[in-house]
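Here subunit A shows up in two complexes: once beside subunit B, once beside subunit C.
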Partner chain A sequence: MTFALFVQSAIVGVSLGSIYILMALGLTLMFGMMHIINFAHGAVYMLGAFVIYYIFFQGGAPYFAAFVASMILLGVFGYLVERSIYRPIKGGIEPTLVALLALTTFLQAAGYPVFGQLDKHVPPVFPGTRNILGVGISVERLMIIPVAAALVIALYLFINKTRLGAAMRAIEQDKEAAALQGVNVHVVNGLAFAIGFALAAASGALMAPIFKLDPMMGEQPLLKAFIIIILGGLGSVPGAILGGLMLGLIDSIVATALGAEPAFLLSFVFIIMLLLFRPTGLFGYAS
Partner chain B sequence: MKQRAPLAVVALFAVAALVVAGPGRSAAADVIKFGISTPLSGPAAPWGIPHKQATELIFEEINNQGGLEVGGKKYRLEVVAYDHKYVIAEGVATVNRLIAKDGVKYISILGGAVAKANEEAINESGALGLTLAYAEGLVSPKNPLTFQCFPAPPETTTFWKWIKEQHPKIKRVASIAPNDDTGWWSVKVETAFVQKLGYEVVAKEFFERSMTDFNPILLRMLAQKPDAISVMASPAGSVGLIVKQARELGFKGRFVALHQIDSSVVAGIAGRENTEGMWVHGYVQTPLPDKLKSWQQRYTKRFGEWNATSIDFTNPAFAFVAAVRKAQSLEPKKIGEAMRTVEFDNLWGKAHFGGKDYYGVGQQIIYPMPFSEVRDGVATLLLQLTPPHN
Partner chain C sequence: MLEVENLWVRYGTVEAVRGVSFSVPAGSIVSLIGANGAGKTTSLRALTGLVKPGAGAARFESRSLIGLAPHQVVSLGIAHVPEGRRLFPKMTVLENLTMGAYRRSRADVASTLTMIYEHFPILKERGRQRAGSLSGGEQQMLAIARALMSRPKLLLLDEPSMGLSPIMTAEVGKIIRQINALDVSIILVEQNAMLALTLAQYGYVLQTGQLVMQGKAQDLLRDEGVKKAYLGL
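For the complex of A and B:
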């Protein structure tokens, strides 16, 4: 592998990493808040992309209006899922996991009759490529970096600088104590579901013009997001950022040097090694 | 105190179970049950759904004309289809179910890995297998009742001879294919063929079917400076992403897709301009033969959405009906014997089963294979080639 190729693959790795970060954000938020792994994250990502397809591409609305609509619609859906599934189950971790898995299966299976059999596409929103150190990167991929950064900053500010964010942190630390202090746990949980789903939708909405759309399109991002949040530390936003970047770089540099399969294996070897020395991940902590 | 499951969760499970469950059929007199094991959900569903629908449409049209006459008696044709999700274990289970529970004697299987895993079940049960699959050794004397129903790499790669004659500047070829039996065999056959023609194969890459970001492996591939990239055996959606991302990384050469692929799906994802000059097997938009125009209209009317993949997936039904008519028997062995000699019409012209000189057995479908070039985003028919192993 030449130095030029290494640099090119590192650039591709950063672009890949920013996509991964975006995918992992909503997942890590929901785990941090409620200690549940949202198996429906991939399916919501898929729905977020299809909202763009129908509102932007088919409906002719401006892309950013469709993007916001996607986040709002899926955010409301997340709130309804909390009301109709999570809350009646009383927050039980295992039943919630199974229920979210069932929701995913249902949404994916219903996707083919609803959205059609053929892969769908959304035309580029930011056409063209930019040459960075000899490697062509599409503008739409580059746009992910500022959008991911904006979402990370917004999430950070919301969690750390607002009353609702403080309530979320309080629930994360001790649900009963937070309730005794007057925090409405149901409302805040509903909000966490809404934000988690809206972030998954944002991720899908951003990826829609870059990749293809099909009902199973959320499976691979879900797997990557799981790897990232385990790598970064469950529930940690900085962990998701670092984990996403590391995985993006491994996927790109190793795949360029050795091929896709070794890169896939190496990402798991890397995680196992890391977890042996740091079982809580890079930024995680023992509860 | 007993806790009751919330109604919403119970309802969700019930609906999910209904959606994913395979269809059950009741037995009826004077019915020929034709089994289909194909991916009806998951990433390969865009192949499996037209496989089922194409067969259903052909059978419905025959049923509407009174049914299929065998030995002076009219039979209604019925499809019994199960979803294998392109998962080998599911594929084995669905075929076993078709044979043991449904009593089906004629089974069409889609997917190389699934068809290979069912070789023994088909052979032991004496069922007739009509495959839509790329897999090494599938068409061979050890599978006496397995008939391959669309052109496979040993047939379609013959198009490289035309490329060699018409585009002599292309010298370096790279291949990218799915990381499974189908992809491995396709690349193996194509590599051997193009090397014999004097091409230099500079890269061979395999990807998981769920992959969407091809940038890293394309970067590795493009470092070898290929003149053409073959995407043999890759689904249309993946090809769209490969073409789009390779162009973004600066690839200026040709794409070659010598398998059943809908280039309009590729162009939709990759952009019209990026697919310009791409060579495709099995998909033509212009000039569209009348037979295909009619099929497109009937298919769209019946199912609401056109799927060009259905074109080649009509072959198992056409072949089966022709062989039963010739055999005038419902015994799989007799139908198989008729299959080896029957000539029938498919959507591209006259078809028969041959290929004995290559496979050792004449059980590979042979018909004038269409090849197109994408011009202004439209797959334009270049020529039809007879497979080399007639």
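For the complex of A and C:
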């Protein structure tokens, strides 16, 4: 592997890792507060990408407007899912998982008649390449990094500096005690669904101009996000960030050097090795 | 101020509380005593909406509490310090206190905090420390102070002496008297019946979910049955 190729795949790895991080943060937030794994996260990523296809490509709106619309629409959808699926189940974890799995299957199956059988393509938003250390990098991929970083910082500030953010942290530590301080747990859980869904939509919206669109496109990033939150420690935000970057780099550098299959295999070898020595993940703690 | 009538609570197939009635006059300390599993904790949990009672009525200042969610009960002026303190261990002492005032405006929080620090100077000192790193006694102080941050009219205290040394227990007793002097009514649930009946004006004795005795605290302290069963005398 030449130096140029290494630099290129490292930067692509960070870009890919940024997408993984956005996916994993929502998952880990929802797991931390409600102890549920949102299986629908991949389907939401897919819908986020299709919003870009319809509003930006078909509708001709500016990309930025379509990106914001994608986050808002799916954020509202997330709140409604809490309202209509999670809340009536009253905290039952297994029934919630089954319901979310059903929702995923429904959204994917409905995607074919609604979006059509053929793959969709979104034209580049930031065409061309940029020269970094003598290596040409796609601007499209580069742009993902600052956008994802801005979203991560915004989420960090929200969770740590606002009253609602404090309520989310309180629920994560003790749901009943949070309710006894006056937190409306349903509404704050709904907010976590909304944030998780909006971040998944942002991931799909950022990837829409890079990958082809089809109703199953969310499966791969969902699997990656699962690996990351286990790697980073369930419920841990720093763990999701570090895990996302590591997996993005493995995926990109190993795939460039050895091919896609070894990279896929290696990411599992890596996680098994890690869990052998640290069963709670990088930042996890035994409960 | 609080009237509870014929309260029934079921956990699965177990009737944890069976037809309990009690009342709390404004400004008083009332205590519920009884052994483990007598239904004391469950009664409190039913009042603040943590469990749904199967039957019965509970009125606070003539408003019904039945069917309200915990956050609505807080807004009415009832604060609940649950069994085991239930602090937010990863938050700082100050963050825990701020959570206690979740439904109040920022200006109110600042003035209440000043009042709290007068009664609990140790919490000001420990403000930036994580709640989980405090000693048991300090944690109990913080749990009570957090509840006071909502400026309740009625405070429910569940086993505040649990796991504390005799010196700390006496300290908690002193604090409970001070709070009551600020015109906050209190329901005190305790396995330490001596502490509870020394502080309270009136007491109720629960046994396997039912009310078996009630009376003025000083009369209960002299009662032979209570002495044998709950005071270890």
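The rule is simple: the second predicted complex is superposed on the first by the 276 of 287 C-alpha atoms of A that agree within 3 Å, B and C clash if a C-alpha of one lies under 4 Å from a C-alpha of the other, contacts with A are read in each partner's own complex, and residues count from 1 in each chain.
We adopt the following convention: a contact is a pair of C-beta atoms (placed from the backbone, for glycine too) under 8 Å apart; a residue touches a chain by one contact, two chains touch by 3 or more.
Quick caveat: nothing in here was measured; it's all calculated off a predicted structure.
*Asks:* Quick check on the superposed pair: does A:Lys212 touch subunit B, subunit C, both, or neither? Answer first, second, both or neither.
*Replies:* Only subunit B is touched by A:Lys212; subunit C is not.
*Asks:* Considering only the touch criterion stated at the top, classify A:Gly182 as touching first (subunit B), second (subunit C), both, or neither.
*Replies:* Only subunit C; A:Gly182 stays clear of subunit B.
*Asks:* Applying the touch criterion given at the start, work out whether A:Leu118 contacts subunit B, subunit C, both or neither, answering first, second, both or neither.
*Replies:* Touch status of A:Leu118: first partner only.
*Asks:* Does subunit C touch more residues of subunit A than subunit B does, or is it the other way round?
*Replies:* B
*Asks:* Can you list the residues of subunit A that meet both subunit B and subunit C?
*Replies:* Correct list for subunit A: none, the interfaces share no residue.
*Asks:* Name, in rising order, each residue of subunit B that touches subunit A in their complex.
*Replies:* 6, 8-9, 12-13, 15-16, 19-20, 40-43, 45-46, 49-50, 179, 205-208, 210-213, 215-217, 219-220, 223, 236-237, 240-241, 248-250, 262, 265, 268-269, 271, 305, 307
*Asks:* Using the touch definition from the top, list the residues of subunit A that touch subunit C in their complex.
*Replies:* Residues in contact with subunit C: 163, 166-167, 169-170, 173-174, 176-186.
*Asks:* With touch defined as at the start, can you tell me which subunit A residues reach subunit B in the complex?
*Replies:* Interface residues on the subunit A side: 2, 5, 8-9, 12-13, 15-16, 19, 84-85, 88-89, 95, 99, 102-103, 105-106, 108-110, 112, 116-121, 123-124, 129, 135-138, 211-212, 214, 216-217, 219-220, 251-257, 259-261, 263-264.
*Asks:* How about subunit C: which of its residues touch subunit A in the complex?
*Replies:* 48-50, 69-71, 74-75, 79-80, 82, 86-91, 95, 98-100, 102-103, 146-147, 150
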